[in-house]
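Only one structure is covered here, and it is reproduced in the block below.
Should a chain be cited, it is by its letter among A, B, C and D, assigned in written order, with residues numbered from 1 in that chain.
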Amino acid sequence: MAGETVWRHWRRKVHDILEVGGDAHPAAHAVTAFIVALIVLNAVAFAAETVDSVAAEYGPWFDALNLFSVAVFTVEYLLRLWSCVEIPMLSRMPPWRARLRFATRPMMIIDLLAFAPWYVHWIYPIDLRILRVFRLFRLLKLVRYSPALQTLGRVLADEYRALFGALLIMLVLLLFASTGMYFLEREAQPVAFGSVPAAAWWALATLTTVGYGDVVPVTPLGKMLGGVVMLLGVGMFALPIAIIATGFSQESNRHQFVVTWSMVARVPLFASMDETEIAEITKLLYTRSYLPGVPMVRAGDVGDGMFLIASGEAVVEVAAAGTRRLKEGDFFGEMALLEHRRHKHDVIAKSRCRVYVLDSQALARLTRRHPEIMTHIREVAKKRTEIDASPPARKSARKAPAGEKA
Amino acid sequence: MAGETVWRHWRRKVHDILEVGGDAHPAAHAVTAFIVALIVLNAVAFAAETVDSVAAEYGPWFDALNLFSVAVFTVEYLLRLWSCVEIPMLSRMPPWRARLRFATRPMMIIDLLAFAPWYVHWIYPIDLRILRVFRLFRLLKLVRYSPALQTLGRVLADEYRALFGALLIMLVLLLFASTGMYFLEREAQPVAFGSVPAAAWWALATLTTVGYGDVVPVTPLGKMLGGVVMLLGVGMFALPIAIIATGFSQESNRHQFVVTWSMVARVPLFASMDETEIAEITKLLYTRSYLPGVPMVRAGDVGDGMFLIASGEAVVEVAAAGTRRLKEGDFFGEMALLEHRRHKHDVIAKSRCRVYVLDSQALARLTRRHPEIMTHIREVAKKRTEIDASPPARKSARKAPAGEKA
Amino acid sequence: MAGETVWRHWRRKVHDILEVGGDAHPAAHAVTAFIVALIVLNAVAFAAETVDSVAAEYGPWFDALNLFSVAVFTVEYLLRLWSCVEIPMLSRMPPWRARLRFATRPMMIIDLLAFAPWYVHWIYPIDLRILRVFRLFRLLKLVRYSPALQTLGRVLADEYRALFGALLIMLVLLLFASTGMYFLEREAQPVAFGSVPAAAWWALATLTTVGYGDVVPVTPLGKMLGGVVMLLGVGMFALPIAIIATGFSQESNRHQFVVTWSMVARVPLFASMDETEIAEITKLLYTRSYLPGVPMVRAGDVGDGMFLIASGEAVVEVAAAGTRRLKEGDFFGEMALLEHRRHKHDVIAKSRCRVYVLDSQALARLTRRHPEIMTHIREVAKKRTEIDASPPARKSARKAPAGEKA
Amino acid sequence: MAGETVWRHWRRKVHDILEVGGDAHPAAHAVTAFIVALIVLNAVAFAAETVDSVAAEYGPWFDALNLFSVAVFTVEYLLRLWSCVEIPMLSRMPPWRARLRFATRPMMIIDLLAFAPWYVHWIYPIDLRILRVFRLFRLLKLVRYSPALQTLGRVLADEYRALFGALLIMLVLLLFASTGMYFLEREAQPVAFGSVPAAAWWALATLTTVGYGDVVPVTPLGKMLGGVVMLLGVGMFALPIAIIATGFSQESNRHQFVVTWSMVARVPLFASMDETEIAEITKLLYTRSYLPGVPMVRAGDVGDGMFLIASGEAVVEVAAAGTRRLKEGDFFGEMALLEHRRHKHDVIAKSRCRVYVLDSQALARLTRRHPEIMTHIREVAKKRTEIDASPPARKSARKAPAGEKA
């Protein structure tokens, strides 16, 4: 029993370091830095190894680095798999099923591809060149560590229709430009413009404004068409920029920090949800950050969301009843939202605070699917109202409930 | 009589598959995919055929594909023409006139140009090269299938004045740059800079930042002017991007999905309108999409538009009278808009819902031209108010009217 | 006396055609089209004339075109100068002073430079090459005819500080890049990178992503620095685009059409202002356009501006008193603005309407400087209120006052 | 004593000219222009000196300019250091400590680096080439004089995470593109694509759309990959532009003029704050500018900030009590903000006014840390209310207090 407790204690620690990260454990930053450094080193080594002279001189070093990386990534993968049962939602299943499920998450598959081919290669001979290319997957491990990359990825995903439309316009223009140039220049330059696919090389280099200059039109009519294609290229350039800029400006208004699946999986309020539901709620939440002393909610403001404290501490200033503390996992602001009224109290960040915000539409959707969450929220809110109504003397004797009304 | 009923039944089906598309008929997606694939295949074949070696080897295959495409596009065109009388608005005219009118719609003309030249060529000999170029029109058929392309097209159309202004600035700069370089470099490089049009080739490649490098200034003064032109090029680049980005960000706020003429032509409320009027209202409407369980309108929100359910089902939550269902073709939210007040009830999407939204300005314009529509809206609204006022017990016995007040 | 009346009648017509333009006179569009065509033809001829073979063959035609253009532009200039006294504000001075003042307006100076050098050349011999370059000024006459060009010009003018800052960053980076490359490559390529100015040619072509490729780094360290400079170039590119896009999106929200000095000079309400004041108010006004049947102001909306009808007709729907017509020069909406209240009546565009909008800040500034304008506005508003209060029967007998309250 | 007063008088003047700048002293503009000109001249000389022929002919002149610049910059630095004790916040420490602290501000370090190496070189021999490169630091002195540069710098600093993410995507794409091209082209072009780093030169030139054209793929598969990389390049280009455009548009809405540390350090209200706190409040403040006669705050508007007059004069229009003047250092609008109500009076700019605005969040944060500031604000506000309540006749006899309530 004691042995298992120690075991669980360590499993919790490993989970905090690898999955939760940030300020969850003192060693988390160091471990993250080490893994990021190893990934970067692998990328540099990958490129350097293709230089013959470098490969000849430092070959053994590269092999050693590779072996070391495979070892580290293997251990990291196994530790992640072992400690994943610490996630509240997965802790309700048999461990082997929890781990199997966890292993199918996209980031875990990338993690696996980063080192697995090296093992496969001992069992079943793979072409060494292909084996080497698999090492590039190690770079994708970086996604886990860059919130900005996740934001950008989300913008690209949100705007994929429009970007695909822009690509379509580009390809239609490409075909028209190539066909036009093929008719105008094929006699003057039979090699460069002898067919539409050949002319497409020039057309693409021009439309994207790359303009290598290895092939240029020489006839007056060809130059005229070339000029039109250049101008169209500038216009073409504008489309993806406009699309991404629009998407990015909308994204950045809402998502000051990206909420990840592992962050949400830890919130006690959502303990009853399963894997997919957490993935879904992750998309609904966004986060805000407050410096100490900054009011997060002000009495008299319109309630625009329910706030969940992800990290840090806050203080509710109840006019008649002194102050109350809110800590990680507590929530506030839900009553103003539910009752379509203004906030009654100031809530002020005590330490540096990060909160998750559920806006009205997200909360409506959540409670419709999980009425038990709303029941819990209403219970906590009710308790708080009773406390506020009771004289301050008595109130200070009790412990503050899980959430605070603001 | 029975024969004609079968006939009409099929005509309706064909119309649903080809014109309405989407979820209107199970086969619609497959037919769309097939036509898009055929268009793409035609584009690839067009390019491949210009490669002599490919043309020599696979010539008969290309001819077969062309014949097959002509056949498919002909059948598609004729079916569209035949079934177009299913559109409510066209069904009020004699069939031949309805079809003639429909044939003059821009997309139908593109459809015709995609295969007609092949037939003409049997009657009147056309140069085979020109005949081949006409095949590129088949690509334009894609516009029908890409909402993003339509959005982008609309942005370009909306901002054409500003884009034309940017082009004008570009051409003025081009003329100044070419003239300057002609004076500075014509002695050093009499071929490349011997005249203003010749110098314009360099100037355009520089202003658009293509920079082939086939012609570059060599004199110190020429290089200095070249540097200025490069910097101006960066500025020039900014104009179309700024214009399109601004237009796109405004467009994307309103048009989450593009409403097409055929979609609006199907709404029962607009049955009394003619072709042009529907085209006009198409520009005024925009659509929103809701996942199941998401509130579309919330009691207490300010009424900002009238909502027409294009597909899916919704539920009105009348506090005192239980809920009522809204289905395709029903509308809600019009009373809050007309009476400048807040919504009285929640309306929640039951299944995945797409709605058309008419904002206050669009509704005002519509009712001014079609008072009979407003009369109809007011009648439905009045009925609903009576029902709401009556006791819930009686109300549940009646059938819900065509629209619901929210 | 009769002769002078005919004279004035014609002067008014010439003024309407040349200065006011648009729909002010049936011939205005034709005259504008003719002048624009002549300007474009001049630009084409200017470029074509530098091609020796074309110049040799069509020389006399170019000379004829030039002579014809000089004649037309001279007549246009003189007519503008002659008719300018029709502008209300200039009509209060002695004609010679009015014309002298008008001649110093920027567009009039450009007009003068478009043909004057040709006359000077008969009196004082000018180098023919310089004379030819002066012809390029004719292109600038286009500014008068392109509202988009004026919008873009205004954006560039508004953001000149930020653009200058971006240019400064570009030049600082250019100096650093050139210096770096000069140290790294000057031994390998003493001609291309032998001095910082020489290296700047490469650095500028790279930072602007033009990339001619006539000079490229060849040493490994040089290529590394080259890569960094390319990446910086992409970042540099972003600055002017971001600046112009931001400026443009703000501009396009306010200025749907550009208001010009001549448009404002015609508004009777501003008759007491002088030249500079009209130039100032021109910057404060913006315009909106409405299709027939569209409400311009709705009862119940918050008053956000005073509206002046620039062209078209509108109708005020006074609940108790039927409707009243508003025509060119009338104003409405000022009371809601002055009294910080909501509009009382709907105002609906009868024909296609263009209005000038003075927002609250602009109106405050205007009335502070010209109390007599406010007095006039208040008088008109008072009259209208009296009329509204009187029974409808009597009201319809009177003529509608100059402005209508909404 | 008298000597010291003269001394202090001059120190104040020097401080006004060098640190405060703008309209603080008549000579400030001239001194600024002189220093900016000297910096630009240094940059030009730096580049010109690397041209051998120029260096040979004008060598002594360059040496003289350098000596003169070192002298000017030394004097400027020493004067700044000497006069810095005029800053209210630094005046409370012993002079030597104030000056030591001031010397560690970033701009002072840049100032030092602009001339110090020249002195060091007399004591300890430095390589002359390195000595020359240090002269480029003089360019960075320009930052002090360009508000636009500071705005751009702030945008880059704010968005550094997203920009770093974009760089990461660029580098990942670069590695994939280089690796792909290395496999496809290394046999056809063993020099240009013989290793991944070698191929990266081509990949970077293509992804950034620079496109030198010194190396281009020649195999069909290589050209295909090249085409994909070009298209990705256009997409890559969009990311930094979107990021910077979004950041810039948000920045430009708030910061019409950049507030600098020295500007805030002069506000009497903040006299009790130390160096870091002023640096912090500098980030919270933004400025607005008003022309004479323009209302800065209008009775009835919602209070959105507290206003501090940085320069110029304003007038409060108290309905019952005539007007009151506000001058540099006075504040207004704080009561509407603190009491969540609308402004009671109009405040109108009398001369050209620049104000600092503290919005509600910034004010809350400030008063939480510095309760004494809030106490002062409340005292001034209370005094004003008493005055307003007293009959106008008595009030006009008193002097207006330091701040005015609006």
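In this section, contacts are C-beta pairs under 8 Å (C-beta built on N, C-alpha and C of every residue); 3 or more make two chains touch, one makes a residue touch a chain.
All figures in this text were calculated on a predicted structure; none of them were measured in a lab.
S.K.: Taking all residue numbers used at the chain A/chain B interface, answer same if over half belong to both copies and different if under half do.
M.R.: different
S.K.: Taking each chain's centre as the mean of its C-alpha atoms, which one ends up farthest from the centre of chain C?
M.R.: For chain C, the chain whose C-alpha mean is farthest off is A.
S.K.: Could you state the distance in Å from the CA-based centre of chain A to that of chain C?
M.R.: About 46 Å separates the centre of chain A from that of chain C.
S.K.: If you average the CA atoms of chain B and of chain D, how far apart do the two points sit, in angstrom?
M.R.: Computed from C-alpha means, the inter-chain centre distance equals 46 Å.
S.K.: Take the average of all CA coordinates in chain C, do the same for chain D, and state the distance between these two points in whole angstrom.
M.R.: Chain centres of chain C and chain D, defined by C-alpha means, are spaced 33 Å apart.
S.K.: Counting only residues that touch at least 2 other chains, which ones in chain A make the list?
M.R.: In chain A, 200, 209-213, 237, 241, 243, 245, 249 touch at least two other chains.
S.K.: Can you list the chain A residues touching chain B in their complex?
M.R.: For this pair, the touching residues of chain A are 161-162, 164-166, 168-169, 172, 175-176, 178-179, 182-183, 194-198, 200, 206, 209-213, 216, 223, 226-227, 230-231, 233-235, 237-239, 241-243, 245-246, 249, 340, 360-361, 364-365, 368-369.
S.K.: Which positions of chain C touch chain B when the two form their complex?
M.R.: 43, 46-48, 50-52, 129, 133, 136, 139-140, 142, 146-149, 151-152, 155, 163, 167, 170, 200-201, 204-205, 208-214, 236-237, 240-241, 243-245, 247-249, 252, 291, 293-295, 298, 300, 348
S.K.: Would you tell me which residues of chain B are touching chain D in their complex?
M.R.: Touch residues, chain B against chain D: 209-213, 241, 245.
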